[in-house]
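Here you go, one structure.
Letters are used for the chains, namely A, B, C and D, taken in the order the chains are written, and counting of residues starts over at 1 for each.
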C-alpha cells in the first residue's frame, strides 16, 4: 500500500491481527515459527520471493551443491543475533539440528529430507541430504528452518525474546493474547522504519475484520470472505488479495463405487456451477478453479478453463456409467471451515439436477480422517495448502495423488502420473521441473480425480496509515524493515 | 463455626468431584472418533496428515498409546504431588497455561459480579421500596427481559455499535480497562436480573419485619432504618447467590471469551478438549471445580456464621 | 401542667372496612392505662396509629394530640423526632423486634440517637446505667450481647431499657408480657410499674389478660371489634353491671378454683426414669433428666416450668414422638393394648396447612377409612368440640384462633385417643378463647374419660385446669403433687416462686 | 389447592399478552411446513442477503434462502429441543428432589455433592463430553443439556419439599396417622407444584438460550439442519450488510424466552407466590 504523500513516523508501532496463536512454546518445527516470522523476528538462510517466484539469499549470501547430496551455505558476515552474540555456522547448525531432532519434525525440514547439518568453518554450513534433492534451497527458505541464537534454547523450551536476527526483536508476550516487538537497531539489512509492533492472536475471523475497521489493528491477516464486502466498502481500509496455494476441493473417493467410475467423476465436475459458488459463499474472494493448480502458479496449465456447467451432458454421463443409486451419497463437510456447510448444500442442490442424491454431513476433520484415509467415504469437502512446506508443489503432488501417497484422500492411482512425479523429484532444472508438474496436473484434470472448486485467495486488510506493506500469500512476512506508518 | 464433620464432608466431596470431573475429561479422546495424537499434531502444524512414524514417536513421547487406566494412574500420581502435568501440544507445564487463564477469568467473573451486585442492589432496593408502583414494575420487566437475551446475538450487536460505529470501546482483547467493559456488561446481564429479584424479595421481607418497625418506633428515620436494618438483612439471600454464580462463571463463558478474544478459562478448556490436549483440560477443570467448591463452601460458611438464625438453628414451640 | 397524649375519633380502615372506629381517649403522664380486648379487636392498630407507623395499606383518620400538638398532621421528619424521644414502644416478642445482628448496645445507641461513628464512647455510661436501671447486670457484658444470646426475660428488660433510653413521656406497650412465664411476667410488670412511677411516664398497656394488670393499672379501657366499649378506673372493672364484653374478659381472666375430680385407678402411661439428651455426647446437658411419673385415666396433669425446662421434651417422650435416651415409657395399659396418645400443638394457625380445606387436613386422621364412614366420624368430632360442620369447608385463614384450636382437638379426637397432651395449646389465644378451650377440654375429660396433660408456663391455666401439678426446673421434675397441696405447701424454691407469682396476679377480687 | 386455583385463574393466565404471543409463535412453528412461504432449504444464489421485501418478508440469507421460512422451520427444532429438555429436567428433577427430601440421609448427601459437582463443572465441558461420545444431533443436545438442567429443579423441589415436610402442620398430620402418600399428595406436591411449574417456564426460556449457544458454537445442531442458534452463527458475519438474518432469530429466542418467563411469573403471582426468578434464586441457595 504505497501512499508516498504522507511522511512515515519513525516512532510508530504497528498492530497486526494474526489468525494464528503460538501453541507449541515457540518450537520452530511447529507453526509457531510462522508467528515469529510474521513478527519480523525469525529469518532463514534463503528466502522464497513470491513475486519473482525464486529463491534468494537471506542469512546466507550464497550456496552451492558440491555433490548430489551435499550443499554448502555461505553465511552473511555482518549479521549478529539481537542479543549481541555472533551469528556463525555453529549457531546455525545447532538451530537446524534442533528442528531435525524434534519428535514431530517439520514437513520441509526433517530427517527424511535432511541427513545432517554441520559447521564447516565459521561462515560455512554444510547440509547433507539423504538423496539428491534439487529443492534444498527451497527447504532452507521454509520458516521452520529459521535460526535462533543458541541462548534461545533453554531447559524450559525456546525463548525467542531478543534471540532472533530479524528487523524486530520480541520483548514481551501476553499469554494467549499478543507478542510485542521493538525495532532491531542493529539490523543487518539497514534501517528499520517502525519503532516496533505487536502481533495479536485473534483466531476469530470476524473479530480480525472488526479490529482493522475500528483501527485497533493496522493490519488484519486472513480476512474471512464474509467480511470482505464490508471492508471493501470502507475507504479507510485497503483490502489486498492474492492467489493463495489453497484450493477448496470436493474430494471424490476414486477407490470405490460410484466415483471409481470416470464418467461419474466427469459428470460431477460438469454439474457444479463454480463461478456462482465463488461469487456467493466465497463472496468473490475466491476464483473458480480450473484444475489442481491456481492459474497464477508457474506450473499451472494456462489452457485449462473453468469447467462449464452442462447438465444435459452430465446426465448422459450418469446414464452411461450405469450407476443405479440405491441410497444417497454422503458429502462430508468439515466443521473447521464454516463455509463448507454452505458449499455442501449448494453441491447437494446441483447434484440433484443430474439425478444424484446426496446428503451433507458435518464432522470435525479429526472425526472424519480415519474413514477418509481408509477409503470409507464418498465425498469430502476439504482444502489443502500446496506450498506450506516449500514453495514448490512436489511434496503435495507426491503425497496427495501418487499411488503410495501418504495423504492420498481420493485414493487416486495412475502409473503415468507416478512416473512424471518421479522424474520431477530429481530434475535439477527448474523450468523442466515445472513442465513435468504441468503434465502431472493435466493428467489429474483429465482423470477428474477430484472436483477442484475454487482457488482461495489470501486477503489482508490494511489501515490507511500503513506504508510499504507487501502481501505474502504464504503468510510468512508482515513486519519488515520497510513497513512504515504515518502518524 | 461449622462442625468439623461438615468441613470434612466438603473436603471429601471436593476430592470426589475433582476425581470424577478430571476422569470425565480424560475420557474424551478415548470415546471420540479419530486419533487424538493426530489431533495434537494438527494443533501444532496446520494441515495434512502426519505419517505413522511421527504419530508413533509423538505418542511414545507422552505415553499416549498406553492403556487408558495406566495413563490415568500416571496422571493421578503426578497430580498427587501437585504436578498438573505437561501439555501435549506445547510440552510446557500445564500450570503455565492454566494459572494465567484462571487469573483472567477471576478478574472477568469478579468484575461482572461486582457490577451485577452494585446494579442489583440499587435496582432491588429501588423496586422494593416502591413495590407495586411504576418504578417497581419497570424494573421487574427489565429483569425479566435481561435473562431472555441471547448473549451471542447481543454481543456482536454491541460490538457493531460501540466499537465499529462509535469507536468508543475496543472490539476485543483483554488489556485495558476499556476492553473489559463490553464483556463484563454482557456477563453481568443474567446475574443482574437474578440478583435484583433476590434483593427485592429480601428487602421486601425485611421491610415487613417487626424489627424494622421497632427501629422506626425508636426514632430512626425511614432512610436510617433502610440503611441500618433493611438493606443488610435484605441482602442476605444475595450472598449465597453470588457464591453460586461466581462458581458458575469460573468455567467462564466460552461465548463471551470467543467473541471478545479473551484468553480465559472457558476457552482454554474448550480448545484443549477439542485439540485433545487432555492434561491442560484436566488441569483447567480441576482448578475450576476446586475454586467453585471452595467458593461455595466459603459462602456457606460465611452465611452460617453471619446469619444468627442459621447459627442457632431456628426452633419453634 | 401534666403532659397528655390524646386521641379523638381515631379510625383505621383498610379499603372501606373499618378496623378501628372513632376511638377516643387520653393518657396522662404518670398514668398507666390498660387497654384490654380480645384478639383482633384492634388494640395493636390503636398503638400503631398513634405513633404513625400503620402499614401502608391502612388509613387513619381523626386527631392525635400530644400536648395539644396535632401528631396526625406532622411530617415524617417531625415524627422521627417524636418517636422514641417523646413516645416509645414495647413489643410482645422482644427477640423478634431486635435486629439479630446488632448488639444490645447498638440498639440502645440507636434509641439514644447516637448511632453515628465514634459516638459510642461518649454514650457508654448512659448505656450501662440504662441497663442497670432495668436490672440487667453485669451491664457491660450484657451490652455486648446480641438478642439471641439473652433469655426471654432479659430480652424484655433490654427492650424496656431501649424504650426508656431517650427519656420518653409516653410508652405504648403492646402485650409486653404475654410471652413470658408467670414468674418473669410478674417481675417485668413490677419493673415497668416502678419505672413508670419513678420517671412519671404515661404508659398505654395493651393486654388481653385483665388479671395480670389488675394491681398496676390506673384505668382500664375495653376494646371490642374495633370499638372502645368501656372504660373506667381499675377498681370498678369487676363490678357486675359493666359492659357485657367487659364481663366476658373479667370472667375469663379470673376463673374460680375447681374442685379436683378423682382419677381412675387405671394407669395408662408410665414414665420410668425416662430422660432425654439431644446431643450425642453423653456429658452434654440433658434436656430432660431421668423422670418417673404415672398417668391415670381421667386425670388432668398440669405441667409447668420455665422455658427450656424440658416440658415439651417430656411431652414428646410421653407421646412416643421421641425415644428416651435413658429409661423407658410404658405405653401399655392393663389389658395389654397400646395407649393412644395425641398432642395438640401451641400454634393454632400453623397446625393446619393454609392451602388445604379444613376437611382435607382433618381427613389425615381418617383417610384410611371408607369415605362415608370418614365423613361420619368427622361430623361426630365436630359436634364433640361444638363447631358447625360448615367450618370444614373453610381454609385455616378464614377461621379464628380459637376455632382452629378446637378443630385441632377435633382432629385429635378422630383417632379416639385416651390421653390428650396439650403443649401450650392455649398460650397463643386471648384469655376468653383460652378459657373456652380449657372448658372444652375439661368437658371432654368428663364426657369421654380422657386423660389430659396440660403444659403451660402460665400458672393461671395450671391452676384452673389441673388435678395434679408437675414442676420442671432445668430439665428435672422437681415437684409432683395434687393441686391443692401444691398451692398450699410447695417444697421446691421454684414451685414457691410460681405460687407467689400467682398470688400477685390472681388474688380473687373483692368486688364480686 | 394448586389444581383448582389453576383452574380458576386459567383465563387470567391464558389471556395475558405473553401467553398469546407464545401461543401464536408456537402454532406458527408447528404449522411451518404448511404456512412457510418457501422451502427453507431452497437456495437462490441470485437473491442472497436481501433485506425484507414483499417476496421475502424477512429477507434472505447468504445462500438466498428465505429467512422467514428458516426461522419458522428452525423454531421447530429449537422449541422442541428446549421443550423436551425442560420436560426431562422437570421429571428427573422433581423425582430426585422429592426422593432426596423424603429419604434424607446418605441419599441426600450424595444428591448435594452431585449437585455441587454439576454446578462447578463448566456446562460446556459436559456438553463436549457427550457430543464426543454421541456425535452432534437432536438427542445429544437434549442429553448434554439435560444432564445438568435437572439440578435447579431438583434443588428447588428438594428445598421446598424439605420446607413443607418440616412444617408444624405436616407434623400434626403425621401425629394423627397420615400415610406418607397422604402427606406427599396433600402437603408436599401442592406446595411444590406452583413454584416448580413457574420455574419450569423460566428454565424453558433459559434452556432455549443455552441450546442456541451450543449451536452458535458449532457443537449443537449441525447443517443441513438448523435452529435459531445456528442461524445466528451463520448470519453474524453478514450482520453489517444484512442485520435481518441476525435480528430475526435473535428476536425469536428473546421473545419466546421473555414471554415464557413472564408467563411463569404470572403463574406464581396467581398462586400467590414470589417472582419466578426469586424461586430460582432460592433454588440456587442449596444446602
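By our rule, a contact is a pair of C-beta atoms (placed from the backbone, for glycine too) under 8 Å apart; a residue touches a chain by one contact, two chains touch by 3 or more.
Bear in mind that the values here come from a model prediction, so they are computed numbers and not experimental data.
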item	value
Neighbouring chains common to chain B and chain C, by label	D
Centrality ranking, top chain (CA atoms only)	B
Pair of chains with maximal C-beta contact number	B-D
Distance between chain centroids, defined by C-alpha means - chain A, chain D (Å)	45
Distance from chain D to chain C - Cα centre to Cα centre, in angstrom	50
Chain centre separation in whole Å, for chain D relative to chain B (CA means)	21
Euclidean distance of C-alpha centroids - chain A vs chain B, Å	39
Two or more partner chains touched - positions in chain D	135, 168, 233, 236, 240
Shared interface positions of chain A, touching two or more other chains	206, 367
Junction residues of chain B - those touching two or more other chains	32-33, 156, 164, 258, 274, 316-317
All pairs of touching chains, each written as two labels joined by a dash	A-B, A-D, B-C, B-D, C-D
Partner chain C, residues of chain D touching it in the complex	1-2, 167-173, 175-179, 182-183, 186-187, 190-191
Touching residues on chain C, where the partner in the complex is chain D	319, 321, 342-343, 345, 347, 350-353, 355-356, 360-361, 364-365, 367-368, 408, 411-412, 414-415
Chain B-facing residues of chain D, complex	109, 112-113, 116-117, 119-126, 128-129, 132-133, 135, 168, 202, 205-206, 209, 212-213, 216-217, 229, 232-233, 236, 239-240, 246, 249-250, 253-258, 261-262, 265, 274-275, 277-278, 280-282, 284-287
Chain A contact footprint on chain D (complex, rising order)	41, 43, 45, 48, 62-64, 135-136, 218, 222-224, 233-234, 236-238, 240-241
In the complex, chain B residues that touch chain D	9, 13, 16-17, 20-21, 24-25, 27-28, 31-33, 140, 143-145, 147-154, 156-157, 160, 164, 193-194, 197-198, 200-201, 237, 240-241, 244-245, 247-248, 250-252, 254-255, 258, 265-266, 269-270, 273-274, 281, 285, 288-289, 292-293, 296, 300, 316-317
